[in-house]
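Letters are used for the chains, namely A, B, C and D, taken in the order the chains are written, and counting of residues starts over at 1 for each.
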Amino acid sequence: MTNPLLEVTDLRVTYPGRGFRAKATEVLHGVSLTIGEGETLGVVGESGSGKTTIGRAVLGLVKPSGGRIIFDGQDITHVSAAERRKLARELQVVFQDPYTSLNPSMTVGDILSEPLVVQGATAKDARARVRTLLDQVGLPRDAAERLPREFSGGQRQRVAIARALAPEPKLIVCDEPVSALDLSTQAIVLDLFIEIQRRTGVAYLFVSHDLSVVRHISHRVSVVYKGDIVETGPAASVTSEPEHPYTQRLLLAAPIADPIEQEKRRAERYRLLEVHRQQAEQAGAVA
Amino acid sequence: MTLYVLRRLGAGLVLALLVTLITFLLLSPSFESVVRERLGPTATPETIAGMMTELGFDRPILVQYFDWLGGVFTGDFGRSLFTSQPVAPAVAARLGVTLSLVVTALLITVVISVALGVWAASRGGVADKISQILSLVGYIVPGLLLAIVLVVVLAVNLKLLPAGGFTPFSEDPARWAASIAMPVIVLVIGGVANMAAQVRGTMIDELRKDYVRTLRTRGVSTTSIVIRHALRNAAGPALTVLSLEFIQMLGGALIIENVFALPGYGQYAFNAALQGDIPIILGITAFGVILVVVVNLVTDVVNGWLNPKARIY
Amino acid sequence: MNSLLSRPRALTRAATAALAVSAVLATAACASSPSNERPGESNGSGGGLGTAELTIAVAAPPASLDPAQLAEGEQAFIWASVFDTLLAVDQENEIQPNAAESYEYSDDLRTLTLTLRDDLTFTNGDPVTAEDVVGTLERTRTTPSPQQPKLAKVSSIEATDERTVVVNLSEPDPGLLSYFAQATGVIGDPETLDEESSTLRPVGSGPYTLADATVDGSEYVLERRDDHWNAEAYPFKTFTVRVIQDRTAAFNALQAGEIDAGRIQPQQRPQVEGAGLTVHEQEAISSLLIILADRGGELAPPLADLRVRQAINMAFDREQFVETLFQGVGAPTVQPFNPSEAAYNEDLEGTYDFDPEAARELLADAGYEDGFSLTMPSTVISQSFEPVVTQALADIGITIQWEPVPPQNTASSLASKQYPAALWFMGLNVPAREVADLYAPTGFLNPFNYEDPELTELFSSIANEADEAAQAELYQELNAFSVENALNAPIAYIGGLWATTEDVDFIPEVSVLPTVRNFGVVEG
Amino acid sequence: MSIEELSIDPGLAAPPRRSPFRKLLRDPQAVITASLLLVIVLLGLLTPFIAPHDPNEAQLSAINADPGTPGYPLGADQNGRDIMSRLLHSINTSMISGLIGASVALAIGITFGLIGGYFGSRLRSVTEWVFSLVMTFPGILLLIVLMPVTKGDYRFTMLIFGVLLSPGIYRIVRNLVVGVKNELYVDAARVAGLSNLRILARHVLFVIRGPIIIAAAFLFGGAISVQAGLAFLGVGSTLVPSFGAMISEGFLNLYIDPMQFLWPSVLLGVITASLVLLGNSLRDAFEGVKLKPAKIAAPKVEQVAGRAESRPSDALLEVDDLVIAYPTPSGKLNEVVKGVTLRVNAGETVGLVGESGSGKTQTAFAILGVLPAEAVIVRGSIRLEGRNLIGLSERELRQLRGRSIAYIPQEPMSNLDPSYTVGAQLVEGIRATTGLSKREARERVLALLKRVGIQDPKRTFDSYPHQISGGMAQRVLIAGAVASRPKLLIADEPTTALDVTVQAEILDLLRDLQAELDMAVVLVTHNFGVVADICDRIAVMQNGQVVESGTALEVFREPKHPYTQKLLGAILDEATVRTDPPVSAGALAGGTTR
């Protein structure tokens, strides 16, 4: 592979403590990852693991306390606000919650055209582009005139995707983009993501807690556990034959939608937990 | 906790210093005309100069301020330029009058507002209508007009209550109650309008929360849910409104004190400001700031006690 | 009483006319408390000391009770009860002996000898000696204070024996006797004068002492000293002075029976009489006038022209003023002097009748046919009269611009020389003080230090004239000069109304100094 | 967790697309007060043309003239000035006061509120300090002291008061901004390359405009009152006609001519009352539907089928033709559960599966009798051991809850009262149903906490909800639910808010407890994995109806209803792994229009 599109090296993020003289907490302890052009890297982990923080650091929404982020050959770890604004053409986001990620008092058309206008497009061009975008994400054209609250969750997430696609970025950070959606919608939206990627060659940093979602969309997968990436590899291998004990636990904890299969998996999980317990005991005994 | 309180008090002290310093600076251009007023129309330039020197007004402003400050730290706020009364006891006495008025009004306001708010929020229907109308009336009727009507009807015509004046509680509780009855009524009506709406709103919010449902499913009685749980959680925001109300009542006591001829803090402050009685103005300002700081601190501490999650210390 | 202006009351509703009046005139709202005993009954019992009680209200707490710091006006209710004054002014404005049983001027009017009574005692039991008087006066003379300037012409004070005080003057001071009848003449106890306590609880030799029930700043309870030399002149055993700032609140207290007498407004008269109170009238206690301070024309050249000043004098329909604005309580006048005093001259009253036409002509003659504008300070004193005064002057072509002045700058506004004219009240007093304030080069109401050779001449004649009748003539001459030259523009005397319960009588005995002696007991 | 599920509040759903202003036009209170104000403002604007006199024109002959005197329609005051002219001019004075006071307070409050709320905490503590300084500063004092500068001009006075009133606005704006700035759309705007200024103006200020407009209405009224109060006290120039000065002067003349006092009082009262009422209308328009009281009571029942009827049944729970509806703003009932029939036998676990809006949670709440106050049970029956629960009073239901029926909620945190320790809440529940002593209840709770797998029961007992993790909180809630060995446990999405690993543990716990206590469990969920893991039988819900039910194996292996098939088909199964290689943008360069 040539130079990756995004290269994150030894990323550390520290949140200041709340209140007087509270201790600061480090939520990322040196995370490294790369994403190539047109590639999806799935980042999977549980709540509090720091997976969302990775995405926010790449977007510049949190300040790294250490490490480097190189995007498209440019070091963007600590860029100025003006530089960061320029990056908006290349780097976009889709958030988890389609209810709060769209300004409730703006029409869909305004939401979609605003980034374009800011980047210098004329109103006319912007309108045309909004129509194209709505087509791309499968929304009716008259959607532009309406307010976000008139749409269902799945439709709103399409609006959010369209907004991310508006400047034709090279990378979209997707922060749990389907976890707030119903089961049937979830699959459709995921397929939309894949379809767009095939069409435009955009790369995704796809953050999720759901292994099956990550498996569905990712080329490669990184597993985050307590602020560290414990395992990275091709989606197929990481999600079916994980090496790290945590990934193994994660995999077996997710129930299968079939009573008989699930019973087997449960038994397997009990076995694994027993093995881990024994290992921990031995480790304790040795120490 | 102690550290937190000390830190807040320290911040309050700095605030008081700043406010008094600004007040002092603002007053300083008028020192000479105040002295002239003090000396009366026959004042000659010599007497004016003499008194300026005697009072130390001829020294640099900051020296004067720090001199005053030095006195304050030994408990000496100086004496009134006009009446020669020592500032601290004089202000304290006036504050006593106003506080006994405001605190009584506030307690009654709380009792009525909570009863009304809780009743409205947890019953709905007619209860809600009644409480909303009451609040609205309290909002709309100007306190000033109400005060005037009360005096004319209850004191002047029916002679049921004294038209004005203040009797300390320690002297005669019954007369004390009579002397503050009308001003308290005026303050309470204004206060309830605000508070009851607030309690109703937060109570409704609380009663719609998930934990209320869960408590119901465990067989906990409605009374306990409303009073022990919802009301306690609603108390925090209500308390904040209450502390604002308190500060507002302190400030708004001026007109009430005027109409009811109460020798209170607001009137005292107003007169001192009109006269340019510098030591009293400074004393009142310092007391006022400290009162506000303490009220806010108490609010926060009680809020912390009510709401463990909001404990900031 | 112009010195009352020294403390513009903290106005509760400063905008109200009468409040300004009461503030300035400072004769306070009064009342006798409804004691359990009917005052008349107790007093009537055979020449003994009265046992009635009296409660009155004043609009503001007194200033310091330190003798040097005393202010005149309604606060005299308190300090004149606590202290004896050397002399007193009676109802006819005549100086009478008081603590000093006699007084005598030397022929050159430069030495005043006062002889004290022999039965004066301080509240602590010590006898009052000439040394005490000297100590008090000497202290007042050397302390920067409101009373200090009044002793400016005193060069030395000495006690020649236990009861004799000799005051030496650097030049004659016609006002001195009236000063000694008012705040300057109180006798303090020099041993305690410099203690801080004397500002609030002074030791005096007066008929009353401040009781422990006193709450500084809001209620002053005065108990009569039954061993006072003049105790029989005071029928009230207890005299309580309550501070009620708001005039309406005081009126409410009066109606509600919490105080039994008080100053009221003319328009409140029917209400009060309907409530069974008695209303007493004082015809003139102050005069309302426009001080044409800049008669030299420094700031406002038009004022230097006699015709302009006369025109201003002719702009006011004085009768209508008194009739409508004061509801008849007061009297129209073109002269500022106390009508019951020597300087007053009835014949001068016709000098400037209301005649806007003639006034405009005079202005035209003076070259101001298009009028001119004048800036005056809008003070607590002037506020309530501004509309009508503005209107009257506008009718002859003079535009008044009122510049608001904060209360604490009321006196300064006049002294500042920023305003060529000012609408003012002058409390009525003895002529010596009135002329000094109005026309002496250093007079308070003459801020531009206007001088006129004829005036200067008159002043010096008055000062050196020992004979009272001859002095009176000189005062009249001075008055005529001021009226004819339109040095100011007097408008009206303002009177006062007192409402009392039927048990309490109002006797304006000492009209320039409000004291408890203004009240009596109605014989049952 | 499904947000769609959470946001469903059928009684409160906002009608689509109605702007606040259009709402205002439909509110009679708003229309009346606004037109009243408009008329008053117009009168004020027309004053120079319609006022018969100059407000300061004083005619001695007109002093205290009666109403109706020629040229003095409302009479004249004690200085002989025309009352009507003064009233008209006073309107302008108060309006200008309101405008100045409100706009200064708004300008300062909004600017600094935006700065303090949006930017970092350091800037915020600076603004906080400045505003607490302003707040503690004695306002009247400032006015009097500055009088030589202001020359008593009320406009200047109101300017100062605007500054003194600004902390209130500052706090409102700051709090709103703090709330809004963490909204994802603000993050999205930043990522979209918007400058801070544009974000503040377009995304923050625009969104919080409602509360600001409301505050402005109250502020306007407040400023008018302040000006009136000051004029009443006599602060400022007397040449400016104003209601306060007129009230003060009229009050002096109260006994002679009460009308002099009445006119300005009434007009001032009308203006401030209109502003308050208009403010209330604005609040309703901007903040959506009015808060309705939350009465705690058994749900309203429209029609009770066989209220008294208690028929023996072998099933533990029988729900029959249950219909639940919510009133819409138009007054019609909107059915959200449309005839659900469900049967649960003792000791069995039934999964109630469906997507958001399918009515599964509503059904669960109906069984527990804890539907929101607005809900109406249109018809149907819910029988527990043969006894119909519909129509029972809250008191009767309380006898069943916590004893026969128990509940585990979806979101563990919000279902614990934040003000009480975990232990205290559990003890209260146990004592309410068993009448145990405090000590016994405490022992019981500690034992239960240990049973649900909490390592240090004592510590958890004394912890406040915010001090424990979500998984732990869910265990606590389970402990609370099973405390009195219920026969039926309703678990509403009990694991949705939890991580998968925790979910697995909680499911294990539920399974164990169910076996141990021989409870029946109704598990409401949208997750087929969870159903497969724990349920014996499944009922699939769609649009308020049960479309298919059967044993777990039947439904999974041979789904009959097309909806069930569709749902099962949407599951991202283990086999689906992405295989296509990354497509580089370069490879597409020819095809796209960059």
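Quick note on the criterion: a contact is a pair of C-beta atoms (placed from the backbone, for glycine too) under 8 Å apart; a residue touches a chain by one contact, two chains touch by 3 or more.
All of these numbers come straight from a predicted model, not from anything done at the bench.
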* Asked: Any idea which chain sits dead centre by C-alpha averages?
  -> B
* Asked: A-D or C-D: which has the larger count of contacting C-beta pairs?
  -> A-D
* Which integer distance in Å separates the CA centroid of chain A from that of chain D? -> 31
* Asked: Taking each chain's centre as the mean of its CA atoms, how far is chain C from chain D in angstrom?
  -> 66
* To do: Please compute the C-alpha centroid of chain A, do the same for chain C, then give the distance between them in whole Å.
  => 88
* Could you please state the distance in Å, as a whole number, between where the Cα atoms of chain B are centred and where those of chain C are centred? => 39
* Please set out, as single numbers or ranges, the residues of chain D touching at least two other chains. => 144-145, 148, 232-233, 251
* Asked: For chain C, what residues touch not just one other chain but two or more?
  -> 11-13, 248, 406-407, 409
* **Interface residues, chain D side, partner chain C - complex** => 56-61, 63-64, 78-81, 144-145, 147-148, 151-153, 231-239, 245, 248-249, 251-253, 255-256
* Contacting residues of chain D [partner chain B, same complex] -> 129, 132-133, 135-142, 144-146, 148, 225, 229, 232-233, 247, 251, 254, 265, 268-269, 272-273, 276-277, 280, 291-296, 365, 368, 370, 372-373, 394, 398-399, 401-403, 405-407, 409, 411, 414-420, 425, 428-429, 432-433, 464-466, 477, 480-481, 483, 490
* Would you tell me which residues of chain C are touching chain D in their complex? => 11-18, 247-248, 265, 267-268, 270-271, 317, 320-321, 324-325, 378, 383-384, 386-388, 390-391, 402-407, 409
* To do: Quick one: which bits of chain B touch chain D in the complex? Just the residue numbers, please.
  => 15, 18-19, 22-23, 26-27, 29-30, 120-125, 127-128, 136, 139-142, 144-145, 148, 152, 200-201, 203-205, 207-222, 224-226, 228-229, 232-233, 251, 254-255, 258, 269-270, 273-274, 281, 284-285, 288-289, 292-293, 306-309
* **Footprint of chain B on chain C - complex, ascending** => 2-3, 5-8, 10-13, 60-66, 69, 71, 144-146, 148-150, 152, 196, 199-200, 215-218, 242-246, 248-250, 252-253, 255-258, 406-412, 414-415, 437, 442, 444-445
